[in-house]
Amino acid sequence: MMKEMLENVKKQCPLVHNITNYVTVNDCANALLACGGSPIMSDDIEEVEEITSICGGLNINIGTLNQNTIPSMYKAGMKANELSHPVVLDPVGAGASALRTNTAMGLIEKLDIAVIRGNISEIKTLALGSGTTRGVDADISDRVTRDNLQQSVAFAKEFSKRSGAVIAITGAIDIVADKEKAYCIFNGDPMMGIITGTGCQLSAITAAYVTANPDKPLEAAAAAVCLMGVCGEKALERMGEDDGNSSYRNYIIDAIYRMTGEELEERAKVEIY
Amino acid sequence: MMKEMLENVKKQCPLVHNITNYVTVNDCANALLACGGSPIMSDDIEEVEEITSICGGLNINIGTLNQNTIPSMYKAGMKANELSHPVVLDPVGAGASALRTNTAMGLIEKLDIAVIRGNISEIKTLALGSGTTRGVDADISDRVTRDNLQQSVAFAKEFSKRSGAVIAITGAIDIVADKEKAYCIFNGDPMMGIITGTGCQLSAITAAYVTANPDKPLEAAAAAVCLMGVCGEKALERMGEDDGNSSYRNYIIDAIYRMTGEELEERAKVEIY
Amino acid sequence: MMKEMLENVKKQCPLVHNITNYVTVNDCANALLACGGSPIMSDDIEEVEEITSICGGLNINIGTLNQNTIPSMYKAGMKANELSHPVVLDPVGAGASALRTNTAMGLIEKLDIAVIRGNISEIKTLALGSGTTRGVDADISDRVTRDNLQQSVAFAKEFSKRSGAVIAITGAIDIVADKEKAYCIFNGDPMMGIITGTGCQLSAITAAYVTANPDKPLEAAAAAVCLMGVCGEKALERMGEDDGNSSYRNYIIDAIYRMTGEELEERAKVEIY
């Protein structure tokens, strides 16, 4: 399944419109290229509908949202919905400010979102109206563990049912769920949290995956999450004694570029619930 | 010729004012430093005239243009013209939205542009009012090949004549032309399209080259285009089996940093028409 | 002393709110993570107070200031002051435009700033209302040397006395001073000027250091400056014959990630005045 998802991206080279933050935007563009997609970044209200129209999918990331870009997110999202393009939402820092929480919630309400991808604190904020977001990173008290996995899966399925979106919660254990089925993914490494933007890159890649696999958003999102985790592991294996988080960042994107469908299948550690 | 152009940049360390996109801006700054120039980025309407005044050249890139930065592009451009500083225009995504096409065309109309550098789809859009821009990448049907080279050169010369700017069309084969003469450059590698921003970096470098070689904009632009192509080749030679597009990005900028006038001359594959 | 400062950052993982430029923002985030801090970037006026409130410190960098972000700088700064969070100011390009000079001076006047970090031209502009800023880099005529060191130290102490902030002037020789005491730091390498953003990274790291060492802003800032210099040296030692400024950038951040308190103490070249 993973193999098919990956190869559809490489074959179709989906063009993804990104309204994203200025912190990790370059990595998002290079990660999209690495996985076989093609990025375009555009956030001005006068052009977002046109740009979305020539693309296959839309990735909305609220990492550095502002008064100018928020209306563009709505406008692009509505156009994407009209054209049946999948929309991915990355609610960076939801819970850290009312502006972030309200924007993410407003987008979920107004738009038909294909995948919401965030850390557990962000997703809890959106699902429960609470959560303990520590800046843009997940709070430790929220973390998904083996002990609370069943409960976390149920939570994700329930939020998927209510929102209509596939829910991708990423962390030490990743959960990708629709209302009926959840993929729990055990790939990845804590080192991925020591570079900025692995989550943002994953959201951009997820947009490429759901665009190239339009009938299978759950499987496509799970494959994207798994890809990121496996590449985090591969990058770690490559680390030399002088390497730190900057080289690690490069190695992850390099690994995405090199990944094949076969290797992804082979290295995937997935349980289905 | 190439050698002289490169060495003038290294000697003079031209300060270049960049109004550019937030996707590739860091790479543009590091590429400018690598080639021997010095970057300053500034796009607020209140300061762009002053910033342009202390610089030697101006690079305008519309990659993430918006309502705030478009007026700054005009204002900085007019000041640069007043001071006889060369202006480079990178019409990223012209043809992908009316905002991009109109902004690029408006800048060409209002300003005296030294060099317009884009891919063939962007340049066709500006020259013919048509083209088939696929996002920010060139459409395959537009590509410059050996078969249509004479015709493409004639097109570039004609657009140069009309616009008054040196036209730099980059792709598998690059054409750098004024109304009378064209350099066709066969350096580079398709891998350069798998990282974001090689075009943006080239435009920034071109601004440094035309600033340091004010009487020879055609030769300066050709040398910059050739430099980028040669560095794309050198970076490829350096790729290890685990390397992907992220390492490739670093290797290209590293190669720009290391390039000498002698090596550039030696590796240049140029035909003059 | 350096060891204690570094280890407090690693222990406390201070969350730093950054209102910074879009050129070097990704490097600032990764440098913060590398040193043991945690970054959040946010510049919209509607959320900056909330974001600052959940953080421990604030880093204001005017590198690409604009009409939207300037009011956010004031608002976040006032909130940080109210909460007794340390504020670091990086007056990028002060002297290059009235907007930059006036914004930096206004922030110093209105806010209680813990550390002002800039190059000598920027600091002279703010202290003397003059200076000869060449874009965003220091002018050669301003440089701190062995010959003018006593005089430069006196200048820094005097400006610290007037402004109430620790003054960190970085260049070939770095001076970190309060009104009574100055650390002169002889670490670093000129190669650090050939990549964009080492200064910006240092300001972000300084914010983490003063946040984690709230009672010792002078020592914390000196340790951060020393860390950056030592890492610039370590990165240089790692350079291979094909490496240029892009690899150097990665190696510096890698070195920050790897640095221990012991190694920092050992390699520090400091004189106290």
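Letters A, B and C mark the chains as written, and numbering starts fresh at 1 in each.
Going forward, a contact is a pair of C-beta atoms (placed from the backbone, for glycine too) under 8 Å apart; a residue touches a chain by one contact, two chains touch by 3 or more.
In this text the structure is predicted, and so the values were computed from the model without any measurement.
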{"item": "Contact graph of the chains (line, ring, star, complete, other)", "value": "complete"}
{"item": "Rotation in the CA alignment of chain B with chain C, degrees, nearest 5", "value": "120"}
{"item": "Copies chain A and chain C touch via same or different residues, half shared test", "value": "different"}
{"item": "Chain A and chain C: spacing of chain centres that average the CA atoms, whole Å", "value": "33"}
{"item": "Residue list for chain B, restricted to those that touch at least two other chains", "value": "22, 26, 68, 249-250"}
{"item": "Residues on chain C engaged by chain A in the complex (per definition of touch)", "value": "15, 22, 25-26, 29-30, 33-34, 38-47, 50-51, 54-55, 68, 238, 249-258"}
{"item": "Residues of chain B defined as touching chain A within the complex", "value": "21-24, 26-27, 63-68, 93, 96-100, 134-137, 194-197, 242-247, 249-250"}
